[in-house]
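These notes open a run of structures that come right after.
Presented sequentially are two complexes of chain A, the first with chain B as partner and the second with chain C.
== the complex of A and B ==
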C-alpha cells in the first residue's frame, strides 16, 4: 500500500497529469484577465489551493479545479520524490538530474515569493523625504497623539484586525477602541442626499454628516476596494470610577483623506485611515524626477528618479539614480521606477521585499545547463550512431 | 548536364535576385527624386530618409507602397511624397486614401462599388465629420472597437498625417516660399523696433507688427504640424547636438539669430523649383542640400543612404520568392524521386537565407538594436530561425523534409511580417521599459527561437500526418526519421522556451520587481514550456508513441500561435504591444486547421493510406 502510494507520488503519470492541469489553469487564468483585474485573477487561480465556483464572496461554493498553490505543491512533491527515488549518478542522467534540481529551486522560490514577498509604493514629490513605503491595497487605522509638537505618537491598527468586530487591545492608549462595523468596499453620501431613511454613519466627526453603504468588491483592473470602518471609543474607567463611558462612534474611511481631530484627556488626537505603512531604518529624498521622450514623439525614452539615500545606522548618505531597468537594491529591498504623478514632477517607486528573488536566477542557470547537457549528450550520440550506420 | 542541375537552379535564382536589385536612376533633365529619397530627416525619434517616409506614409494611407492613378498610370512613393510636400494642389487629387468600410462610406452618402481609393479633394467636404466621429472613438479601447470605429479612426489619423506632411516643408499654399522667408527676415528689425516702442508706450507702426505676426503665426502652425524635422542642429554648435528642428521652428529662431539656416533656405528653394516644374533648378538646390548634409551630418546621411538601399532591395520580398522556388523544387524532387532537385532546393534555400540574414542584419544596423523589437520583427526572426534549424535537419537527414519545412515556414512568416507592416514604420523607437539591449538580445531572442522550433516541430508533424493519411508515401523508415526529427526539435524548443521564459521573468524582476506576474504574454510562454514538458514526459513514460508525439506536436502549433499572437488580441496586460483585430480570423483558421489535422491523425491506422499500402504489400 505504502509502496504503491509512493510509486504514484513519484510517478511520471502524476507529473503529466499535474502539468496538463497546470496548462488548463494557466489558459483559463489568462482568458479570465479579459474581464477581471490581474490581482483578482492571481488570487483566485494562481495563489489558491482550490478554485471555487461560483466566484462571488457569499453563498454556497464548490471547489471545481485545483489552484496554483495546490498544483505547484504537488508538482514539487512529485519532483522531490522522483528525484529521491530514482537518483543515479551516471553521466547519461546528469542532465536530467540537474534540470529537475533547478526546477525544484524555481518552484520553491516562486511559492516562497507568494508567501513572503511584500510589495509597496513610495510616492515622493520633489524635495520630499520618506522613511516608509505604503501598501497599494491594505489600509491601517492610525490614531495619532499630537500633544508633542516635535514628534507624533502613532498607534496603527492593521486592516486584518479592523475586520474583526469587538474591542481592540492596545497598550498605552488612554481610551478603548471597539470595531463596530467594517465595510470591505463602501460608498458614502452626504446625509441630506442619501434619502429619507438614511442614518448617519457615526455620532462624531465627519461620519455624522455621511451615510455609508456596502457595495460589492471590486474586481476590475483599475478599481480597488474603498474600505470604511466604524469604531467606538470608550473611556477606560480608573479604579473606583463608574463603568466605562462611550465617547461616541467615528467613521474612518479610505475615502476620507483628511484626518479627523478630537481631543481627549486634554490632548489633541487625530484619526485617519491610510495605506498601511512599512517603516524603514533609512530614508529617501527625491531631488528630481525626469521623464524623457524621443525627439519629435510622445514615446517615453526614460523615467528617472534622482534621490538621496540616508541611513544613519550604516552611515550612508549618497545620491542614487533609479531608472527603467535599473532599480535600487538596498538592505534586502528593491526600489523600482514605477510611475509618476503631479505633471511629471513626482515619482512613484515600487518597493519590493522578496527574500527569494535569487531563486529564479540560480534555477535558470542550473536548468539551462541540465537541458543543454541532456540534449547535447543525446544529440551527439544520435549523430555518432547515424555515422556508423551510414558507414555500414 | 544533370550533375550541374543544382547549380543551374541556383544561378537562375541568383539572376532573378540581381534583376530585382537594380538601383533606380533619375533620367537626365528630370527631377532627381532618387537623391531626394536619400535625404535624412528626423521623424518618430530617429533619422530616416524621405524614401522611408514616403513608403510608410503611403502604406498607412493607402495600404500599398505605390500609387495607381485613376488613368491607370502608376507612380512611386517618392514621386507621391514630393507632390504632397511641394505641390499640394496636385497631390490633393491623387486617390491616396483607402476606405474599405461601407459604413464609413455611408457616412458620406457614398455607395460601396468597386472604388475603394479616394482623394483628399473628395474627402475635403467631410473633414469636420470625420474628425468628430473619429475623435469619439479615441476613448474606446482598441480591443473593443467595432470595424466601423476602427475604420473611421484610421481615416481620421490618415488625414491628419496627410495634412501634417503637406505642411512639413512649406505652408500648403505657398508659391514663392524662398522669397517669402527672405522678405520675412528683412521685416524682423522693423517689427522688433515697433514692438519695443509699443512696449514703452511710444508711437509705433501697427502695420509692421500685424504683417510680422501674421507670418510668424503661419510658421508656428508649420512647427506644430511638421511630421518630420528636416533641419539638423547648427554645426557651429550653439544648440545641443541631437536637436533637429522643423522648418517652422528654425524660421522662428531667425527672429533672434537674424540668419536663415542654409538647410531651411535650400528646402524653400527646392520646393519652389518643384512647384514651378523647374527640374534643373530643383536638382541644383537638391545637390547643395545633399552636399551640406554630407559634410555636416555624415552619420545621419550614411544611415539614410543605407536605408534607401535596404528599401530598394526589399530583401524580405526577394527571400519570399526564393522560399517559394525552394519549396516547389522539393515537391518536384519528391514526386519525381530526383535527388538533384533536392540539392538544388538546398542551395536556393542557402541563398534565401543569406538574403534573409542581410535583411535582418540591416534592420539591426539601422535600429542599433537586437533583432526582435516588435511583432513585425518577431515574424522575420521566427522565419529566420526556422530556416536555419530546417537546413541543419536537412544536412543530417538529407530527405528534403528539412528543406520543405524551412521553405514553407520561411515564406509564411515573411508573409505574416508583410501584413504586420501596414501600421507604418517597423523600425519604431522602443518604449522606455524595452530600452535595454541586454534583455532584448537574450530573453526576446531565445523565446523567439523557441517559437521557431515549436512551429518547425508542428510542421514536421503536419508532413507526417498528411503523407501518412492521404498518400502511401510514408514508409516505416521515413515515419521513423520524421519522428526523430520532431522529437529532437521539441527538445530544442524546450531548452529555448524554458530559458527564454525564465530570462523574461528575470527581466521582469529587474524592471518591475517581480519575477512572475501571470501577465498574458508570460502565461503564453509558460504554456509552451508546460506543453514541451508534457510531450517529453509522456514520451519518456511511454504514454505516447510515434503518432502521439505527432498529435501533440500539432497541438504545439496551436499553443505557440496563441502565445505569439493570441494573447496580444486579448488587449490586456503589459505586453499588449502589437494589437491587430484583422488577424483574428486567420489565427482562428490556423488553429482549427491544426485541430482538424489532429483529428485525422487520430483515425485508426487502417484508414491511413500509407499503412494500408504496407499492409497490402505485406499480404
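== the complex of A and C ==
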C-alpha cells in the first residue's frame, strides 16, 4: 500500500493530472475575473487550497475544485518524489535532473512568494519623511494611547483578526476588546436618514448616530471594500471584582475620516481604522519629485524621486534616486517608482518585500544549465557516433 | 525502494523547512511611535508582549500577509477650497484631513494646520476642547468656562466656535508644541474641525491668517469626499447631505480662486445658503451692514432682473431696461470690470456690483441703512477694486 502510494506520488500520471487541472484552473480563474475582479480571483482561485462554493455565502460551503496552492503543492511534491526516485549520478541523466531541480526551485519560489511577499505603498510629499509604508487593501484597527507627550503607544489589530468574532487577547491594554461584527464592505447613513427601523451601529462614539449595512464586496480592479467593525470594550475586572463591565460598543470604519477619542483610566485614547502600516528601521525623505513629459504632450517621459535614506542602525545617510525601472533595493525591500499624485504634489513608491525574489532567476539558470547539459550531451554523443560511422 | 523513501523524506523535510512558519496574519502588534506623522526612526517595541502568542516577526521584518496584488492609492483631489496665507505650505492630504498645511518659523519652529470632518457632534465642543487641553497638559474646563473663552467666527461652513489654548506639557518640544488654536463648526449633522497646533509664538503670529482662512474655506463639490464618511473611491455615500452651500445651477468655483482685500472693520459674517462669502459691519445704534458675495451659473438672472429685485428690497419701484444704463457705474477690478449700482430707498440702501467671469455671474452686495451704507461706500468701492478672479 505504502509503495503504491509512493509510486503514485512520484508518477508522471500525477504530473499530467496536476498540469491538466492547473490549465482548467487558469481558464476558470481568468473567466471569473469578469465578475470578481483580479484581486478576489487571486485570493479565491490561486492563493487557496480549495475553491469553495458558493463563494460569497457565510453558510455551508463545499469544495468544488483544487485551488492554486493545493495544485502547486502537489506538483512540487510530485516533482521532488520523482526526482528522488529517479535520481542517478550519471552524465546521461544529469541534464534532466538539473532541469527538474530548476522546476522545483521555481515552484517552491512561487509558493514562498505567495506566503512571504508583502506589497505596500509609501506616499511622500516633498520634504516629507516616513518610516512606514501602507497596505493598499488590508486595514487595521489602531487603538492609540495618547497619554505620553512624545510617543503614542499603538495596538494594531490586523484586518484578518478583526474578521474573527470574539475577544482579542491583547496584553497591556487596560480594557478588553471584543469583535462584535465585521463588515467586509459597508455603507453608512446618519440614523435619522436610515429609516424608522434603523438602529445605531454602536452605543458610543460616532457609531451611535449612524446605521451601518453590509453591501456586496467590491470586485472591480479600481474599487475596494470599505470595511467596518463594531467592537465592544469591557473593563478588566480587578481582583475581588465580580465581573467585567461593558464600556459600550464602538463603530470603527474605513469610512470615518477622523479617529474617535475617548478617555479611560484617566488617559486619552483614540480609535481609528486605517491602512495596515509596515514600519521600518529606516526612513525615506523625499527631497524632490520630477515628472518629465514628452514635449507638447502629457505623456510621461520619466518620473523620479530624489530621496534621502537614513538608517541609524547601519549609519546610512545617503541620497537615493528612484525612477522608472531603477528601484531602490534596501534591507530586502524594493521601492519602485509607482506613481504620483495630481499636480505632482507627492510621489507614490511601491514597496515590495519578497525574500524569494531570487528564486525565479536561480530556477531559470538551473533549468538552462540542465537543458544545455542534456542537449549538449546528446549532441556530443551524436557527433561521436557520426564520426564512428564515417570511420567505418 | 528504501533508498528512495529516504531521499523523498529528505526532500520533503527541506521543502517544509522552506515554508515559513512565521506567517501570521492575525498577529496583533503593539509598538510605540512618535506623535508626529513622519517618524524618523523605527518604532521601538513596547514593554508589553508583542502579540497574543500567535508568533512574532523579526524586529526588522515587515508584517506578513498583504495580498500579492495591490492597486496604487488613488490620487486624492482637494476636498475644500480656501485662501490660506501664502506662507503656509500645503501638505499631503490623508484620509482624515480635508486640508493640511505646515507653517515654519525661525529656529526650526513649526505649526501644523488641518481641517478634518466627522459625522455627528464628535463628542461635542466641550469634550474636544478638554481633549486639546489635556494634550497641552492643562486641566479640563466647564461649559461656563468654555463659553467665556470661546470666540465665534463665521465661515462658509457655518459658525465656528474658536478656542485658543496655550500650554507646554512636560518634555514636549517647544518648537512644535505649546499652543492650539482650534475651531469646531457643527453643520448639518457633521462637525468640522479647524486646528492649528504648534509653537506658541508662531501660532500667535499666524492666528489672524488662520481665522481668515477659516472664513474662506468652503467645500469643493467636485471632490469625492465632502462629508466625513465618504473617502474611498468605490463608495461614496450619496445620501449624506453636503455641507456645501446650495448654489443652484452653479458649480462651485474651483479654478477662479477669487481673491480680494477685506476693508478694515468688515467682519466675516454668518454663512448662508447661496452665498460665497459674507461680511458684516456694525454701525451706530445697532445698525448693521450686510455684505454678501454670491456666484451663479450663466447670467444669474440678468442685470435688469437683479437690479429690480434689489430695488424692491429697499422699497423702490422697478426700472425699465432703458433706465438701467443711467444707474450703472463701472468699477475696475484687478482683472475685470465690475458694474455697480448705488440705490437708496425708504427701506435702506444697496450698493451692488456684478461681473461675469467664465460663464458665471459674481454678485457683491452691501445692504444697510442709508447712513451706514454711505459711510461704507468707500470701503465697498475699494473692496470691488481689489477683487481678482484669476490670481
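General remarks:
Keep this in mind: the second predicted complex is superposed on the first by the 344 of 392 C-alpha atoms of A that agree within 3 Å, B and C clash if a C-alpha of one lies under 4 Å from a C-alpha of the other, contacts with A are read in each partner's own complex, and residues count from 1 in each chain.
The rule is simple: contacts are C-beta pairs under 8 Å (C-beta built on N, C-alpha and C of every residue); 3 or more make two chains touch, one makes a residue touch a chain.
Since this is a predicted model, take the numbers as computed values, not measurements.
In the model built by aligning both structures on chain A, chain B fits alongside chain C without clashing. Once the two complexes are laid over each other on the shared chain, residue contacts for A:42 go to chain B and to chain C alike.
Judged by the touch definition given at the top, the superposed model places A:31 against chain B, while chain C stays out of reach.
By the touch criterion stated above, A:310 is placed in contact with chain C alone, chain B being left untouched.
Touched residues of chain A, counted separately for chain B and chain C, are more numerous for C.
In the superposition on chain A, A:296 makes contact with chain B only, while chain C stays out of contact range. Across the overlaid complexes, the C-alpha centre of chain A sees chain B and chain C at an angle of 90°, to the nearest 10. When the two structures are aligned on the shared chain, A:117 is found in touch with chain B and with chain C.
Shared-chain residue A:13: touches chain B; no touch with chain C.
Look at A:350: by the touch rule set out above, it reaches both chain B and chain C.
Of all Cα pairs spanning chain B and chain C in the superposition, the closest are 7 Å apart.
Residues 38, 42, 113, 117, 119, 221, 338, 350 of chain A touch chain B in one complex and chain C in the other. Chain contact summary for the complex, chain C toward chain A: residues 1, 4-5, 7-8, 10-12, 15, 18-20, 23, 25-35, 38-43, 46-49, 52-53, 59-60, 62-77, 89-92, 95-98, 116-123, 127-128, 131, 134-135, 137, 169-173, 177, 189, 193, 225, 228-235, 237, 239-240. Looking at the complex, you find that chain A touches chain B at residues 11-13, 15-16, 19-20, 22-23, 26-27, 29-31, 33-34, 38, 41-42, 45-46, 106, 109-110, 113, 117, 119, 221, 294-297, 299-303, 324-327, 334, 336, 338, 350-352, 354, 357, 360-361, 363-364, 367-368, 371-372, 375, 378-379, 382-383, 386.
Interface residues of chain B, counted against chain A in their complex, comprise 42-46, 228-229, 242-244, 396, 428-433, 435-436, 439, 484, 488, 491-492, 494-495, 498-499, 502-503, 505-507, 509-520, 523-524, 526-527, 530-531, 533-534, 537-538, 540-541, 543, 567, 570-573.
Only residues 3, 6, 9-10, 38-39, 42-43, 47, 76-77, 80-81, 83-85, 87, 108, 111-121, 123-125, 127-138, 146, 148-158, 160-161, 164, 168-172, 185, 187-190, 192-193, 206, 208-210, 215, 218, 220-226, 253-261, 268, 272, 274, 276, 278-283, 310, 312, 331, 333, 338-342, 345-346, 348, 350, 353 of chain A touch chain C when the two sit together in their complex.
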